[in-house]
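Before anything else, here's the structure in question.
In this document, chain identifiers A, B, C and D correspond to the written order of the chains, with residue numbering beginning at 1 in each.
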Amino acid sequence: MLKVGIYGASGYTGQELLRLLVGHPDTDVVALTSRKFRDIPVSEVYPAFAGITDLEFADSFPKNLISSCEVVFLALPHGEAMKVAPEFVAAGIKVIDLSADFRLRDVSVYEEWYTGHTSPDLVCKAVYGLPELYRDDLKGANFVANPGCYPTGIILGLAPLLSEGCIDTSSIIADSKSGVSGSGRELQLGSLFCEVNEGFRAYKIASHRHTPEIEQELGRIADTAIKVSFAPHLAPVDRGILNTIYADLHSDMSETELLDIYEKFYGDEKFVRICKPGTLPNISSVRGSNNCDIGIAVDGRTGRVIVVSAIDNLVKGASGQAVQNMNLMCGLPEDAGLNHISLFP
Amino acid sequence: MLKVGIYGASGYTGQELLRLLVGHPDTDVVALTSRKFRDIPVSEVYPAFAGITDLEFADSFPKNLISSCEVVFLALPHGEAMKVAPEFVAAGIKVIDLSADFRLRDVSVYEEWYTGHTSPDLVCKAVYGLPELYRDDLKGANFVANPGCYPTGIILGLAPLLSEGCIDTSSIIADSKSGVSGSGRELQLGSLFCEVNEGFRAYKIASHRHTPEIEQELGRIADTAIKVSFAPHLAPVDRGILNTIYADLHSDMSETELLDIYEKFYGDEKFVRICKPGTLPNISSVRGSNNCDIGIAVDGRTGRVIVVSAIDNLVKGASGQAVQNMNLMCGLPEDAGLNHISLFP
Amino acid sequence: MLKVGIYGASGYTGQELLRLLVGHPDTDVVALTSRKFRDIPVSEVYPAFAGITDLEFADSFPKNLISSCEVVFLALPHGEAMKVAPEFVAAGIKVIDLSADFRLRDVSVYEEWYTGHTSPDLVCKAVYGLPELYRDDLKGANFVANPGCYPTGIILGLAPLLSEGCIDTSSIIADSKSGVSGSGRELQLGSLFCEVNEGFRAYKIASHRHTPEIEQELGRIADTAIKVSFAPHLAPVDRGILNTIYADLHSDMSETELLDIYEKFYGDEKFVRICKPGTLPNISSVRGSNNCDIGIAVDGRTGRVIVVSAIDNLVKGASGQAVQNMNLMCGLPEDAGLNHISLFP
Amino acid sequence: MLKVGIYGASGYTGQELLRLLVGHPDTDVVALTSRKFRDIPVSEVYPAFAGITDLEFADSFPKNLISSCEVVFLALPHGEAMKVAPEFVAAGIKVIDLSADFRLRDVSVYEEWYTGHTSPDLVCKAVYGLPELYRDDLKGANFVANPGCYPTGIILGLAPLLSEGCIDTSSIIADSKSGVSGSGRELQLGSLFCEVNEGFRAYKIASHRHTPEIEQELGRIADTAIKVSFAPHLAPVDRGILNTIYADLHSDMSETELLDIYEKFYGDEKFVRICKPGTLPNISSVRGSNNCDIGIAVDGRTGRVIVVSAIDNLVKGASGQAVQNMNLMCGLPEDAGLNHISLFP
């Protein structure tokens, strides 16, 4: 059994990691940290875990964990993870960082969109944890930067088109709709039930920090610099991201031709499902699972392709993908502990 | 008091008309029809009306209404309204048709997207009922085609930019999110609570019937043929449409410059509210009101403007706009009976 | 026009008062206070008010208001209202207090359930603001304690049965379900969207502070001390309280006989609607209105009557009832500014 | 691997059975029937199953199944199951009936509340499938009547108190709140999103068909005839039932004493979790799991105990309990395939 720890485990991402790791056949969760809930049992903070685990949140000081863990997940805010990661990496513990701190390969871009970086030397050692694109690099890797929730679905949605050169790379627009758990469990006015329920709004249009991450990865696939218009929205649901992505086709292509490209690109990928012609994804079909569902429509009248991708932001968009990365890093079957069928309704 | 009737009054649009007209200071609702609920009191079908009105749904045969009404609202499915409208118009009753039957000026376009038209001669007599664009034509008009819910918010969102020639007319993409009441009260699997709740999906991308209506009106403003990519989505809320609209700017323009254009274009419009710089609309701020809120963001990195508009699909997107049209047609103050403050939360 | 002020206007109750008073034909809102949002326009805190009012929140110091208001609504937390009320009352301004501070006639009971009382002398001067029971006292009154949200629906639900002596007063159980706006706009974990949505729970069973208020009023109607079991629940909706109330009948009575008692008791009451036999209330039929809907069922097998009452907690359960009280205190028509038809769906 | 079939598999209960059985380590689902969706792949009717199973719904004629199944689940409406069950039972196939047809031991009671019974002889052969009460009978049983969703949570909530004789058996009131999936996937007005969302209502008070089932089982535990007042409500959530149960205590007992009784009664039960003192269940903590969470409060002022129990109506209230029964009937570990941690948020 692999001994794993979660650093910063009291947020929604942390407790979702715990849900997945407790149910994982090959892992033993030995440590959870939370400054806020130190010495409090997980089951008091999240009653869903009553009777499932007796774990308590430990103090956040890393020394306690170093001796007992083989893998550590960092579920910390950006800016915090970069302070903690070096020590674990130096100790030879495999690290999966769910923050943004090591996702952007160009430190200056990170500093432009986020904050000053205190561990710039470590950036180049991190593998970007999107298994469908970087599987070989992830096998046996020691330090992984887990992708952001929005980038995951947008990159997976566009990769086949960019890889095949089907679209005008200057024409990409991503209109994304996220459930509220993406905002975390912090107390903020905009996360109150009465502020969100029966509402719908856009936020941080053209200024969201996931923009450079999306552009970095799309650019690598296309082998050219890409700028996208990215407009995130808040939807009154707990979980799920639906991305609706628009791009100009270079030439007339039918839905069937395009779906063929997707089928070939993703082949036997365990966690990417291509929707049948005429059907499109719904976030309710991926809830609780590590799947990314992708469907497409062609707007022949305007020469555009419209790609729709759906993930559970807490699973494929965060904790599930982190476990998938752990499996690859540690030589376990890639889908170990990730065979959840979506919970519907 | 103006005597008014609602033809096909048992759907959500019909009952919303009733809510507005019962509260209107200058109207007296004398007749409601519904084949399905004939002879049943409204308050049994919609308990919200208990103690408010004793009206019963009448048989749908129009003769009964003709003698007693000065204005008739047609809240029927497309294809049905065209059968009923001619008789009312011929009888000199003012008609406001909430269906799509008389919105498209080119009958062949209607027949391409909908069905065969049985009253093509009447099409040219209908005024398109968007008061912010056609106020002069609506004053004293006898026959009005009330706009669709999606077109209302999209046209109002783009009119200033097209009027001023700021954007590339081939670049328009409208990503719209609608509440479930837009699907009506019919029994269909996709409208069940468990199918919609905690879900989010796109539907009829690049094939929704509101597309030609949007294009017709945008084209008239721009004085050139326009094609748009239109992607509607279903959001798990009762009411509201949020449109996120993307277009390429012809030249660098700041948010301030663009907002100025909007402020000037809409001037003292009673029901259009321009959001302050840095803020964007939320459907929860227009719920139950006849307002259309509009906000914009400039994506300087890609040269695009992103317009966000929000309406209540049952009010400004249907019944409220119909009452606004009635007011203009009958010489009443344009906002009579429409001064509802949004219900929040 | 009556000059009115709202003291502590930035919560959901305060903004609902504003919605009602701005739409009221006989009132002019001259002052709003909020410590938190001082000098900020209401429309920035609640965008629904954009274009409706230019009012800003003022500093909370009462001196500013005293000269300009004829009526002041106190929408403050309990414990705060008692500090502010005396000055307004002394200045001859009519005061409607929406807190619990002056609802309990026995100060020792207040102090047992709440906190020490700093204005005990004023308690006996407050009229309990439930118009259906205390209309005569409210006409011309200067100081009114507006009822709690739960007590309003429970008292109205049981008054006819207690007045007629139909039920065993020791058998009363009230199982209540409230929307989340009842918890206010404060930042607390239990009010976050993801904590409430798709959840349902009881809280403060047998210990909620509304219990003594319910008992006080039921006891006055029955002319005997009454103890009830009261169990509130949190429902994932914005607005509304549904109370399901159980009591043992003294003798066999049919639903029809009982409904007759209700019809007679409430007669022409404008805001109480008795459901037809076989039908029961739904909070969605009172949303946004000042109505209290009441339905009953008889459980002949166990000899119990089950009363179900529904209100909008922010309207009849708080701000609407406060306006109804203001109307009575100031000699206005009791329903002035309160003729909203419920917003459905 | 155990070969299992689901008869009537296209409803929410049927697809939930499929979710659990596909993930079960010891079962192989060989047949699904649905008249409505005959020859259609499950993944078209429920996209969550795309990539998970290639199964199609078969014609409903039982002959096809008889040879290939060792266990059959009947997920049919009441009245239908009784027609199908005899053939399977006669063929030596283990049958778990999720309908009400074989739950009531007294056929005359069944016929009073439901309809005429066509297989009365089979009634006495059915074991009532509540493992916590009938485990020994279920081990090796061939025919099991799976309990109703409401009875499951109410019986588990009261069993310890009745077993110990703590409460007045004539005083029991159960106020239950159910998610919408309990109404099934049929097209009915009351299940539409806009009719349910932002609403809350009671239905079938004192007349719901689960009443005699609740009374039968409570009576057996108490060894005396019991009548209860049962009031179900519809809550705007997908899944979950919260029962709030009231009863008069025979004598003063503290929360601690009562919780001791619960802890002893349920001992090591895998799927019953007793809440810590001062805490109460939330349906969101059992969503997707087979757990029943139980909490209690004592109302010392009125001498009542209030029990709150929470289950997922589709899991412990239907399909999960059916799998638990299958495990017992077939000698598998009782929790095989049922170790799902609740999905939160």
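Please note the rule applied: a contact is a pair of C-beta atoms (placed from the backbone, for glycine too) under 8 Å apart; a residue touches a chain by one contact, two chains touch by 3 or more.
All figures in this text were calculated on a predicted structure; none of them were measured in a lab.
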Seminar exercise, completed: Per mean C-alpha coordinates, the chain lying farthest from chain A is C
For this session: In steps of 5 degrees, what rotation angle do you get fitting chain C onto chain D on the CA atoms?
Result: 180
For this session: List the centre-to-centre spacing of chain C and chain D in whole Å, with centres computed as mean CA coordinates.
Result: 39
Seminar exercise, completed: Chain-centre distance (mean CA atoms) for chain B and chain C, in whole Å, is 36
Exercise. CA centre of chain A versus CA centre of chain C: separation in Å?
Worked result: 46
Seminar exercise, completed: Residue numbers in chain A touching two or more further chains are 12, 181, 194-195, 197-198, 236-239, 281-282, 284, 287, 345
For this session: Based on the touch definition given at the start, go ahead and assign the chain network to line, ring, star, complete or other.
Result: complete
Exercise. Which of the residues in chain A come into contact with chain C in the complex?
Worked result: 12, 180-181, 185, 187-189, 191-198, 236-238
Problem set entry | chain D-touching residues of chain A, taken from the complex the two chains share | 12, 15, 19, 22-23, 44, 46-52, 181, 198, 238-239, 273, 275-276, 279, 281-282, 284-289, 291, 293, 339-345
Problem set entry | Contact set on chain D toward chain C in their complex | 170, 173, 175, 177, 194-195, 197-203, 205-207, 227-229, 231, 233, 235-240, 242, 244, 246, 280-284, 287, 297-302, 304, 306, 308, 310, 345
